[in-house]
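Structures given as structure tokens follow.
Here come two complexes built around subunit A, the first alongside subunit B, the second alongside subunit C.
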Partner chain A sequence: MTYQLYRNTTLGNTLQETLDELIQYGQITPQLAIKILLLFDKSINNALPSRVRSRLTFKAGRLNTYRFCDNVWTFMLNDVEFREVQEVAKVDKVKIVACDGKNTEGKV
Partner chain B sequence: MEGEECSGGHYSKERYTILFLTFANGKLEVSLPKTGSIMQSNNVATSSNTGGVLVLGKGPTGMVRQIDGADDSSDDDDDDEDEDDDAEEEEENDEKDEEEEEENEGGAEEEPLNSEDDVSDEDPTDLFDTDNVVVCQYDKITRSRNKWKFYLKDGIMNLGGKDFVFQRANGDAEW
Partner chain C sequence: MATVVQKNGIKPLANGNLVGHVEKMKQGGDESIAILHTEEQVRGEPVLGVNNSEESKNAVDTLENVEADPSATAAPEESAPEIDIVINNVVCSFSVRCHLNLRQIALRGANVEYRRENGMVTMKIRKPYTTASLWSSGKVTCTGATSEEAAHTAARRYARCLQKLGFNARFGNFRVVNVLGTCSMPFGIRLAPFSEKHQGIASYEPELHPGVTYKLKEPKATLKIFSTGSVTVTGKNLFLPLDMVKM
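For the complex of A and B:
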């Protein structure tokens, strides 16, 4: 289950920008960049369930929109409060993109 | 009438009132007005005198007065109406174009066209650049009427420019 889902994160985007720069300077080939991104996908997909322990809850003022397409849920929430034990984070607007978490899913 | 040529053609104004007569037992025994005449209908698959077509006379000159059709707008009239409508539409369009041209010229001189656009001068928060995104996987998404429950896992969040990770996240929202 190696989703390319996590490429649109700070980490994933920074990696992609760096790889693009290296390609521009001719220091790596595009094929190598693709390989690296695939390896990134695998690493992050493995690390998250095994090395992360935190659990949190969130409560939204409003579910603005929901979309379920190609087994991917996309939500837009308003006035959301994320809570983890002591810490709280509040945002006006948040977008949640969620892929199917079941084990039998293949690569996206 | 049988044997006669069809007069008037497609747009004929002649109207014939036709009455089909027969008794339940199939017999036809009716005393008829003089001006009427009976034809045997060729389509009635019975023996003679069991059914028929009674022609009660032509148009306005016959015994049965024609009520409908007299004031109909003919196809000719319809064409005229259409032509008028088209002409009116063209005029309206020309007028509209002229008005728009005037507005455009006037607008450039008087005030910028975007003067009434809704522009928010202030950023609601300092975080307007951040698109708060949560990228994760879902275990279960449920809904009861408009109450949604989210059971998420393995997520990376970017909230207010800061990154967070979670193994599990449960949430509630109303739609």
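For the complex of A and C:
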């Protein structure tokens, strides 16, 4: 089992919407849709560490709260500044959910 | 840190007996003073301790004495170095008298860490800056406060946190478990001869620990004495480390 947390991204959401549509039109079965989603989890978990080159740094003004449960870190940050070479984006609140990238075996 | 101590009504104090020590040093007049000097101090302790345990029936009394000390001795020796004792850590434990669902705390609480292998949740608050360990039995230990008062408010805040998370938390069985104070002598201490003089109460095992462990019976406290002159005092009660500084 690989992490399913990337289903809640733009890419994952559109894929799910498309699959729902296809199921509605009867072109694929729900079982196939589930299979596709699992394949998506696997691929994106592989692709993100190996194929993505772009780098982004960010710095928070304050760590509001943190939490560690079931090997998942959750951080609520305030006044965050995202930086990619020249471009700068400022956000008031950011929530970061971070899982262990090394031992993905046996975890949801 | 000093301000916190002051808030508690206990001033960081100049060593009240220091003048006496300096005089003794003058009498001694040779290089072994430092050691002689420490022995004097340590011998002086238990007596002072007894005095103080009598006094500590009336805590205010003790405080007044403590405050009176520096004023009595501050003037004559301008060169006398000050020895401050600083309370670094107060450990307390209490019970919320209900079972805690650690997973629920870990999922919904703020600033929590739940490592299942430890079987407890670690929760932190920023004011007063402390860490609490929560067990599912409802027992909580809180560490890191710099005074007994701060430890008490921190403990109550943790109990309130748990109450807000939906537990039927009450606040009971509060006790201060341990108090750690540190101070630093303006001279080095030769540990080997020192521990030889105090066999039985002092133990010096350089292979295990670089300092001398000095166990006091009367105000029950343990001192770790290091060759640099640093002394750490651990005891059950805030007044104990304060007694130590009067040595």
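Remarks
The criterion applied here is as follows: the second predicted complex is superposed on the first by the 102 of 108 C-alpha atoms of A that agree within 3 Å, B and C clash if a C-alpha of one lies under 4 Å from a C-alpha of the other, contacts with A are read in each partner's own complex, and residues count from 1 in each chain.
The criterion applied here is as follows: a residue touches a chain if its C-beta (ideal position, glycine included) is under 8 Å from a C-beta of that chain, and two chains touch if they have at least 3 such contacts.
All of these numbers come straight from a predicted model, not from anything done at the bench.
Aligning the two structures on subunit A places subunit B and subunit C next to each other without any clash. Of the two partner chains placed around the shared chain by superposition, subunit B is the only one that A:53 touches, whereas subunit C remains out of contact. In the superposition on chain A, A:92 makes contact with subunit B only, while subunit C stays out of contact range. By the touch criterion defined above, A:10 reaches subunit B but does not reach subunit C.
Look at A:77: by the touch rule set out above, it reaches subunit B but stays clear of subunit C. Between the C-alpha centres of subunit B and subunit C, as viewed from that of subunit A, the superposed structures give an angle of 40°, to the nearest 10. Legend: residue contacts after superposition of the two complexes on their common chain; A:101 is shown touching subunit B, with no touch to subunit C. In the overlay built on the shared chain, the residue A:66 is in contact with subunit B and with subunit C. Counted by residues of subunit A touched, the larger count belongs to B, out of subunit B and subunit C.
Between subunit B and subunit C, the minimal CA-CA distance in the chain A superposition rounds to 8 Å.
When the two complexes are superposed on chain A, the residues of subunit A that touch both subunit B and subunit C are 66, 68. Against subunit C, in their complex, subunit A makes its touches with residues 65-70. The touching residues of subunit A, when paired with subunit B in their complex, are 3, 5-6, 8-11, 45, 48-49, 52-63, 66, 68, 73, 75, 77, 80, 82, 84, 89, 91-101. Subunit B makes touch with subunit A in their complex at residues 124-125, 127, 131-139, 141, 148, 150, 152-160, 162-175. Listed in rising order, the residues of subunit C touching subunit A in the complex are 103, 106-107, 109-115.
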